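Shared between the two complexes below is chain A, which pairs with chain B and chain C, respectively.
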Partner chain A sequence: MKKIIFLFFLFFTCLLFSEDILFEVNDIPNDDGSALQLRWNASNISAEKIVIERKDNGGKPTFVLETDKSTGEFVDGTEISTGIEYSYKLTAYNENNEILATANSVTFSKAQWFNFKKLSLLIMSLIMIISIVYYIYSARSGKELYIRKIAGLESMDESVGRATEMGRPILFIPGTLDLDDMQTIAGLTLLGRLAQKAAEYEADIIVPVCRSMVLSTAKEVVKEAYLKAGRPDAYKPDSVFYLTDDQFGFVAGVDGIIIREKPAANFFLGAFYAESLILAETGFSSGAIQTAGTAMPSQLPFFVVACDYTLIGEELFAASAYLSKEPHQLGSLKGQDMGKAVFVIALVIGIILEISGIHFLKDFLTIH
Partner chain B sequence: MKRKIPLVITFIVGIVVIISEFIPHKPFGRISGELENWYLIIAGFAIILGQMNLFKVNLFKIRYKQKNWQFYIITLISFIIMVSCGLFWGTENNPGLFGNAESITSVVGSKPFDYLFDNIYQHLQATMFSLLAFFIASAAYRAFIARTLESNLLLIAAILVMLGNTSLGSSLTCWLPENLKFLHLPNISSFIMKFPTTAGQRAIMIGAGLGIIGSSLRIILGIERSYLGGE
Partner chain C sequence: MEHFFSVLGIWLGALFTFAIFSFLYKDNPFYKVAEQIFVGLSAGYWFVYTIFFILIPNLFDPISQDIGANWIKLFPAALGIMMLMRLIPKTEWVSRFPIALIIGTTSGIFFLRYLKSDVINQLTATMINPFAGSDPVTIIGQLMLVIGTITGVIYFYFSKKHEGAFGVTAKIGIYFLMISFGAAFGYTAMARISLLIGRLQFLLGDWLGIISP
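This part shows the complex of A and B:
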C-alpha cells in the first residue's frame, strides 16, 4: 500500500513539475532541412542534469545531448532528414540522478526554397547585375563612356618597351594565393595581355608561381597569348614555372631571380601577404620599373611606397576590361561604378538613419 | 569549340553557384560545398604537376649548364632529400615505407624529415621573414621624405602613430590636463588607427568587393575571356 501511495505521489509530482519545463523543438528557418533547433528551460525545478533523446518514425531512441545547463539551446544536425517525424524527449534529473520531470516535443524538418536572411544580398546583387547589363548594352549601341585613366595600366606598354630596349626580361607574379581567389584570376587575365604585348615586342617574360593550379593556368594563358600575337615559336614553356607553395620559400626564390636576372619590369598583380614588401623592395633595389596591384588593404601601403605604379583594390579587377578598350568590357566597368554609386547612397542613408536611432536599414542589410 | 565549351561550363557553374547561395533546398544547398571538394581533389593532383615541373625545369638548367646552374643542383638535392625522408620514414606520428626510423630518432631526437624541418627549414623561413624589418626601414625612409603636401601629412601621421605606441610618446604628453586628454599621444595614435585608417581600409575593401562582383559577372557572362587567352 505504501509503495502504491509513493508511486502515486511520484507520478503526480512528475506531472506537476513537467508543466514547469519549457521544451520546444522547431525547424530552423532558411536552411536545407538538415537541422532542428531545441530550446529548453527547466530552471523552475532546479535540474542538475538534462538528457535529450530522439526517436524518428517510432524507431529506437537515440541519444542527442547531456548537459548540466537547466536552460539552453541546441542545434541537432545529426542525420536529420526532411519529411520525417522526430519525437524528442527531455528528461530532467536531480543531484541524486533521480528523474524530476520529462517533456516531449514532436516536429518535422523542412527545406526552404529561399533563404530570406540573404534577401538584401540578392537585392544588392540584382542592382549590380542590372546596372552592368544595362551599361554593356548602352556601350554596344555606341554610347560614349568616360572611364578615368589608370596610370598603372597606361604604363604597361612603357614597361614592356623598356624591357625590350634593355634586353632584359619582364617578371610577373600572379600573387601567392591559389586559383580560387579572384585576385589571382584578375592577375592571370592581366598576364594574358602582358604576355601578348611581350610577344609583340619580342621581350622575354618570366612567371614564377607558387601554386600548382596557377601553374597550369598561367602556362595556358601565356601560350595562348603568344599564339594570338602570331609568335608561337617565341613561346618558351619553361618561362612559367613552379617554385614552392611555401610563402617565404617562394619569396627567396623570386628574390634570387630578381637579383640574378635583373628584370627591367616587375609586375606584382594578385593577392599578397607579408612577402609584398620583400619582393617590392628587392625589385626597387634592382632598378626595375614596378607595377603592383592587390586588394589586400594591409599590403597596399608597402606597394605604394616601393613600386612606381599601384593598382588599388578594384583597379586590379578593372584592369583587364580597361586595357581591352572594348565597348562591352568598358560598359561593364561603368555599370560597376553605377552600382557602387547606389551603394554609397545606401551607405549615407544608413548612416543618417542610424544617427537618428532608426535601425531597420542596418538590420535589413546585415547578413546573418 | 575549344573556347565555347569552357565558356559554357563557366556560365552554367557560375549561375548554379550564385543560385545555390540563395536556395538552401537540395540539391542547390550543397552544390557549392561539393564543388569546393572537387577543387580540393584537383588541387591535390595538381601538386604532383607542380613538383614535376620543378624537377624538370631545374634538371633542364643543370643539363644545359645555364647561368648559375650550380644553384639548381642544391634545389634538386634538397628536394630529393626531403621527399625521401618523408616517404621512407614518415613525419611526426605517420610512419613511412620503412617504418618510423627508431634508430635515427634515438640519435637525433626526431624523425629525419621533422629534424630537417625544425632545424633547417624553419630557420630559413624565419630568416626570410626577418628581412621584412630591414625592408620596412628602407621603405619608410623613402616614404617619409617630405616633398609634397600628401607626403608631409603621411610623415606627420606616421610620427604621431609611432610615438603614440612608445613609452616616450606617452611620457611626452603625460603632463596634459584631464580636459586635454584627447591630445595625449597614445590617444591621438589610437584615433588615427581607429578612424581614418579603418575608414580608408574599409573603402578599399568595399571597392574590391564590388570589383570582385563585377569581374565575376564578366567571366560568367563570357565578356572577359582573356584568361582563356582570347579577347
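This part shows the complex of A and C:
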C-alpha cells in the first residue's frame, strides 16, 4: 500500500513539474526555412521574466528574446538556415531575478517547395493561363472571336487622316513611367500600330519620351512599323527623342511642342500622374483631336474631361488586340474575359455564402 | 555670401514662376526661356543623379570593393553595356536583347502581382454580407460596393456584345465608373488649388514678405 501511495506521489509530482513550463519550437510551414516559431506558457509558475537563448550546432549561446510575458509566441528569423540543428533554452525568472524553471527544445528549420497559403493564387493563375492558351489555339485554328467596339480606337484612322490632310504631325506620349510598367508596354504596342498607319498615310509622328529605356524601345517600335509599312526610307530617327526624366520638366517640354508644332492629333497612351490634365488641356487649347488611355484611376477623370476619346483602364490593354485582330492577341483577350467570368461567378457565390454565414470560400481565397 | 545666394534663389524662383504663369496668356519668349532651362537643368540633374546615386553605389563601389561577393552585378552591367551599343549603328541590334529581357520579365512579374492585388484581393474584399450593418447607410454603401464591382467588371468584358440584359448591366457599370471619376476629379482639383496656394505663399511670403511664410 505504501508503495502505491509513493508511486502516486511520484506521478503527481512529475506531472506538476512537467507542466511548469510549456516550451516548443517548430519549423514555420510554407516558408523558405529562414524562421522558427517559438511558443511558451509559463503562467503556472508566475514567471516575471522570460529569457530565451539559442545554440547553433552546439556552439556558443546567443540571446534571442527577453520578455515579461509569461505566455507568448515569437518568430525567430535571425540568421536561421536550413539543415542546422538549433537548440533553444528558455529560462523563467521571478521578481527577485531568481531562476524558477528552465526548458529546452531542439529543432531543424526546413524550406518548403510550396506555399499552400497561396494555393488560390495558383488556381486562379492556372484558370487564366489555360483559358488564354485554349483560346489562342482556337483563334489560330480559324475560329472567329468577337470583340466589342471600343470607341476610342475607332478614332485612330480618323486622327491619322486628319493629320495627313492638315499637313501637321501626330504627337504620341507613351506615359511617364519606365518599361517596368505594363501601361508603358501597352502604349508602345499601340505606338507600333499608329506609326504604321502614319507611315502608310505619309504623316509625321513625334514621340517625346522621359525614360532612356522607353526611348530605345520606342525607336525600335517606330522603325519596325515603318519597315512593315514598306517605307523604311520615311523613318526619321529624330522623331523619337528624349526630353528629361523630371515629371514637370517633361510636361513643360511637351507643352512647348504642342504649342509650337501644333500637332493635328495627340495620343496620350500609358501611365500618367499629375501631368495628365496639363497635357490634355494644352492639347485641347491647340485644337488637336485627342485620344487618351491609362489605367491610372486618379487620372482618368481628367482625360475623360479634356480628350475626345478615352480608353478606360483595361481598354488600353485590349486595344492592341482590337486593332491588330491577330489570332494570338484575340485569343489572349478572350482568355482574360473567361478569367473575368470566373471572377464574377466566384464573387456571386462568395457573397451568397457570406450571407449564409459560411466563410469557407473567402478564407480559401484570402492570401496571407 | 550664403545670404546672397539665398536671396538670388528666391528672386529666380519668383521670376521663373511668372515666366511659367505667362503661358496662361499665350506662348511667349519668357515661357520659352523658362521651359528650356527647366528641361535642360532637370535632364542634367537626372544624369548626375543616375551616376552618383545609382551607378556608383549599386555597381562601381560593390565591384571595386569585393568583386567575388558581387559578381552577380556584372550581369546588369553587361545588359547596360548592350544598351549602349545602340550608339554604333552596326551593333544596334544587340540592344534588343536587354529590351526583350525587361519586357518579358516585367510581364511575368506583373501577371502574378496584379492577379493578387487587383483580382484576388479585390475579390475577397468584395465578398461580404452586404446586409450586415448597424445602420442603413452602411448597408447601402455595401450594396453599392457589390453592385459597382460586378457591373464594373462586366463593362470590361470585351468578347460579348453589350446588348439586352448584359448591355444594361454594363451601362450600370459605366455609370458607376463615371460617378467615381467625378468624385476623383473634384478631389484632385482641390489638391491642385492647394498647389496654387503654395506658389502664392512663396510669392507673397518668401519673395515679397507681405505675409509670413
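One rule holds in what follows: the second predicted complex is superposed on the first by the 293 of 368 C-alpha atoms of A that agree within 3 Å, B and C clash if a C-alpha of one lies under 4 Å from a C-alpha of the other, contacts with A are read in each partner's own complex, and residues count from 1 in each chain.
Just so we're on the same page, a contact is a pair of C-beta atoms (placed from the backbone, for glycine too) under 8 Å apart; a residue touches a chain by one contact, two chains touch by 3 or more.
Not measured: the values here are computed from a predicted model.
Shared-chain residue A:228: touches chain B; no touch with chain C. Contacts of A:362 after superposition on the shared chain: chain C is touched, whereas chain B is not. When the two structures are aligned on the shared chain, A:148 is found in touch with chain C, with no touch to chain B. In the superposed model, A:333 makes contact with both chain B and chain C.
By the touch criterion defined above, A:305 reaches both chain B and chain C. Once the two complexes are laid over each other on the shared chain, residue contacts for A:193 go to chain B alone; chain C is not touched. Looking at the shared chain after the overlay, A:30 reaches chain B, while chain C stays out of its contact range. By the touch criterion defined above, A:120 reaches chain C but does not reach chain B.
By the document's definition of touching, of the two partners only chain B reaches A:238; chain C does not.
Overlaid on A, the two complexes show chain B and chain C touching the same residues of chain A, namely 121, 125, 128, 180, 182, 185, 212-213, 216-217, 220, 242-246, 248-249, 252, 256, 260, 277, 297-298, 300, 302, 304-305, 312-315, 318, 333, 339-340, 343.
Residues 20, 23, 27, 31-32, 34-35, 38-43, 45-46, 83, 86, 95-96, 99, 102-103, 106-107, 110-112, 114-116, 119-121, 123-124, 126-131, 146, 149-150, 153-154, 156-162, 177-178, 180-182, 184-185, 188, 192 of chain C touch chain A in their complex.
For chain B in complex with chain A, the residues that touch the partner chain are 18, 21-26, 29-30, 39, 42-43, 46-51, 53-54, 57, 60, 67-68, 71, 124-125, 128-129, 131-132, 135-136, 138-140, 142-143, 200-201, 204-208, 210-219, 223-224, 226-231. Looking at the complex, you find that chain A touches chain B at residues 30-33, 111-115, 118, 121-122, 125, 128-129, 132, 136, 178, 180, 182, 185-186, 188-190, 192-193, 211-213, 215-217, 220-221, 223-225, 227-228, 238, 241-246, 248-249, 251-252, 256, 260, 274, 277-278, 280-281, 295, 297-298, 300, 302, 304-306, 312-318, 320-321, 324, 326, 328-329, 332-333, 335-336, 339-340, 343. In the complex of the two chains, the chain A residues touching chain C come out as 120-121, 124-125, 128, 145-148, 150, 179-182, 185, 212-213, 216-217, 219-220, 242-246, 248-250, 252-253, 255-256, 259-260, 277, 297-298, 300-302, 304-305, 312-315, 318, 322, 333-334, 337, 339-341, 343-344, 346-348, 350-351, 354-355, 357, 361-362, 365-367.
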